[in-house]
Amino acid sequence: MTLLSALARRAEIPVFAVIGTRGLGLAESLRRRPGLRLVDSPRHARVLLVAGAVDGAQKQALERLHAQLPAPRGTVWWQAEPLFARGEVVTGDDPMPAIRAAASADDPDQRPDVPPHPWQGIGPHGHGGRGMMGGNPYGRPMAMTADDIRDGLALDAYSARFGPFLPMLPPGLALDLTLQGDVIVSADVASAPFEQGPQGDAPDLCAARMLRLMGIGPIAARARGALLALPQGSGMRRRLAAWLRGEQVSETPDPLPAALPGLEWAEAVLWLASFPPSRLRAACMERHAA
Amino acid sequence: MTQIAMPIVVTLLAVVFAVAMQRIGPQTGATWPQRAPFLGGGQPETHAWQRFHVRYYPMTLLFIAFEMEMMFMYPWAVVYVETGLTALAEMGMFLGILSVGILYGWREGVFRWQ
Amino acid sequence: MIVATLALLLALPPLIWAAAMFDRIGTGRGAIVMGPIRNGAALMLRPNTETEAPDRLNRLLAPGWYLALALVGLSVVPLAPGIVATDLSTGLVLWGACEALTVVVVFLHGWSPNAPLPLIGAYRYVAIGLPAMLLSMFVLIGAALPAESLSVVEVVEAQRGLWNVVRQPLGLPLFMALGLAITLRGPFDYADGAELAGGTSAEESGPALALWQFARASMLVAFSAMAAAAFLGGHLGPVLPGPVWLLLKTLAVMAATVAAGRFFARMPPARMLTFLWVVLLPLSFVSLALVGVEVLE
Amino acid sequence: MTDALFLALSALAIWSGWRVFRVDSMVRASFQLMVSFIAVGLIAVLLAAPYIGIATIFMMAVEMMVMALFMVMFMMNPAGLNPMVMVHQHRFSVAAGSLAFAGLSAAVLLSDLPVRPVPEGAEVVRDLGHELLGPSMLIFETAGVTLLATMIGAVVLSAHSGRYGASDAGSRPPGLTPGGAPAGRKPEGGGGHHHHHHGGH
């Protein structure tokens, strides 16, 4: 145990970054920093880093995310107004000391410890379920069948809110999706991506984000094989090629509720990543205003 | 007996090791907000376990038929050199027939998501 | 037999360490040698997370099964003439069974937490893992043809004159596609990819995550040793003793696999499925046919 | 030692076979069955059938994987979140199961099985190969055609997509000239000059 602790003391701190307004550039600047490692899931993280201001409307989402880090956990607010009274606040350019301090903190849950629906002691078996498919077994109902848009098999539809802090989606974008398998059947925008300023549209940053979803780094992309991996006809190849050449992309996507249904998860995620954050935000805001 | 002794022994070793390593760490009771599935702050309405809409089911059926065929190929490979041209012709025919299956499946779009 | 098993069990941890080091090279964060150990130790000290109504037993066992499959696969590789842990006359078939069971284990790993992202990862992986397995069957049968045997020992012995990598140039690259698939890497990482925030391991933390990565690295070692035995002549080589040659070749295949995983981009799964059946599988037919003609000459 | 291993594997096969009907989750049921088959495959290796034994493990891993996909896809409550009974016609199945077990056990115990131990170092895989390329060649080639029929049948029955569009929308090929009438056979009662069929298709 002491040997493990001695080794662990000098380990990289796994950090899950929640990206707020103008936080994309901040978070990307940490990617190659020694001493910490940005991870994709809060389950893998020790410290929750909020980079850039997060809207008060997203407070609950942030608290839920915070609770998903395994205890003990710490929080750092970097150029962000704290939404709950925990963690270190950093206003300057270097969050490292604060992250180190947070790595020995132990925040309690910010959400009440109740299941999504009451279930203990309910129903004939005391687990909340009724019959074959009914009730709320262990706190949630089961998915029910619905028509599909592709092959006509009416299997279960899974409805959930994805985001606003899902690392593969543009930061701030929250989607109410219904999935059948991994195909999106219906989509609605719950909140638009955050404002990222001009540096959010920088070609190298956008290209790096997209390439990361394809599992390679920018150096490997120089060989242009990455373009062939993308599906044809959706403009993704064109936009990634422009970014790799160092050019800005100024295409605006179609409204998401019309464009996303029918796409597979991987295609949808790549398609969203192939637009600059500012244009995506514009497309989502337009619809909110309408 | 001696042939499968080591696979069984190393399997048991690996499983015992993995279970033991997962048991030595701190065991804490998780709270409900901690248990919720990760959706980036969002919440699901239902359990994730569902009648999952597999999008490649025709491919799996084609695959099973193909896999059957593999079982003929192993003994074939062992006697190939002794039998010579007969074996080559026979397997060529066999693979040719099955390639028709792949071509047909391709034309019907079973290698795409349904 | 026992000597070979002990040698494998002793050699595995350093090789896993080497695999983790290969993964760190070029990421620009230093601590290439000690980094993996420190991060692993830190993970071991974190708690496992529970999810809502998981399949606890399968969640607990999945990393162990994965590690076990890597070990069983490794056990058919001869370390030196006459020294092999599992001297089975159908060693290549046993390796194939390990590949098939790997698909099952990765599926269970994604199924058991009862969470959406792991579940999608599990199903996508099955779609790609199954046909990728067919590829490896064809190229391994190609390796068995000149040996006239399904035993890995014989396959190595048959390469005394000329290594299979020269006689069957298509074999090793195609086998590497399978290697990427069973070690969840780069272009074939449909289980744990970034577009699913870690996929089947998105809900894992602490020791469970550390063990999954450990098992994944040991599968890389097992695959590399198998590739070295089937295509690079295993323990054969001048001057140096057999096990050293095997070790060097294994390390070379490991490095090449890690590099290939970094170089090729991951396609959306449907596109990859078509690519596998329509391009790679016919290529493996061609490879087998070429071997067949070459052997008869 | 071999006897002990045989007994342990048999016990594992029977126990996991029984568990198939006692668990609530379709995934668990499928893979319990797989464990049962793996135990049987290992017993086959003990019985000097290294190819059939390992190939059983191989095939069953793949087949149970695909079976799990379909079970989860089409069964209610696939993960067993609500407890349920996996068997139908309880009494009948108990009776049928016991009868079959008793019958098979009696057949094994009472029949006069040949005692012909496989000689040490016999190359059973090689013999199998010679059989496939010799006397059983017709069976081997028939299997190829049968598997092709299986593939085409599976694709026809299950695939929604088709060469000329979705199958439930009456997939029809495009015309031979731009904008012309669809080529190929007209659907039944579709009118036109092909209305009178001349026997076979």
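In this document, chain identifiers A, B, C and D correspond to the written order of the chains, with residue numbering beginning at 1 in each.
Everything that follows uses one rule, which is that a contact is a pair of C-beta atoms (placed from the backbone, for glycine too) under 8 Å apart; a residue touches a chain by one contact, two chains touch by 3 or more.
Source: prediction; values computed, not measured.
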(request) Kindly work out which chain lies most centrally, taking the average of its C-alpha atoms as its position. (result) B
(request) Write down the pair of chains with the top C-beta contact pair count. (result) B-C
(request) Would you mind pulling out the distance in Å between where the CA atoms of chain A average out and where those of chain D do? (result) 41
(message) Taking the mean of the C-alpha atoms as each chain's centre, how many Å separate chain A from chain B?
(response) 30
(request) Please report how many Å separate the Cα centroid of chain B from that of chain D, as a whole number. (result) 15
(request) Return the residues of chain A touching two or more other chains; collapse runs of consecutive numbers into ranges. (result) 41, 43, 68, 70-71, 115-116, 137-140, 142, 150-151, 153, 155, 158, 160, 166-167, 181-182, 264
(request) Would you mind listing the residues of chain D that make contact with two or more other chains? (result) 45, 50-51, 55, 58, 62, 66, 69, 73, 76, 79, 81, 123, 125, 160-161
(message) Using the touch definition from the top, which residues of chain B touch two or more other chains?
(response) 3-5, 28, 32, 34, 36, 38-40, 44, 47-55, 60, 63, 66-67, 74, 77-79, 82, 105, 112-114
(message) Looking at the complex, which residues from chain C come into contact with chain A?
(response) 27-31, 34-35, 37-39, 41-42, 44-49, 52-53, 116, 120, 123-124, 186-187, 189, 193-198, 201-206, 209, 261-271
(message) Quick check: in the complex, which residue numbers of chain C touch chain D?
(response) 53, 55, 58, 88-90, 93-94, 96-97, 100-101, 103-104, 107-108, 111, 114, 123, 126, 130, 133, 150
(message) Residue numbers of chain C touching chain B in their complex, please.
(response) 1, 5, 9, 44-53, 60-61, 63-65, 67-68, 70-72, 75, 85-90, 92-94, 111, 113-117, 119, 123, 127, 130-131, 134, 137, 141, 144-146, 148-150, 197, 202-203, 206-208, 210-211, 215, 269-270, 273-274, 276-278, 281-282, 285, 289, 292-293, 295-296
(message) Help me check something: in the complex, which residues belonging to chain A touch chain D?
(response) 125, 127, 129-135, 137-138, 142, 150-153, 155
(message) So in the complex, the part of chain D that touches chain A is made up of which residues?
(response) 73, 76-77, 81-84, 160-161, 166, 168
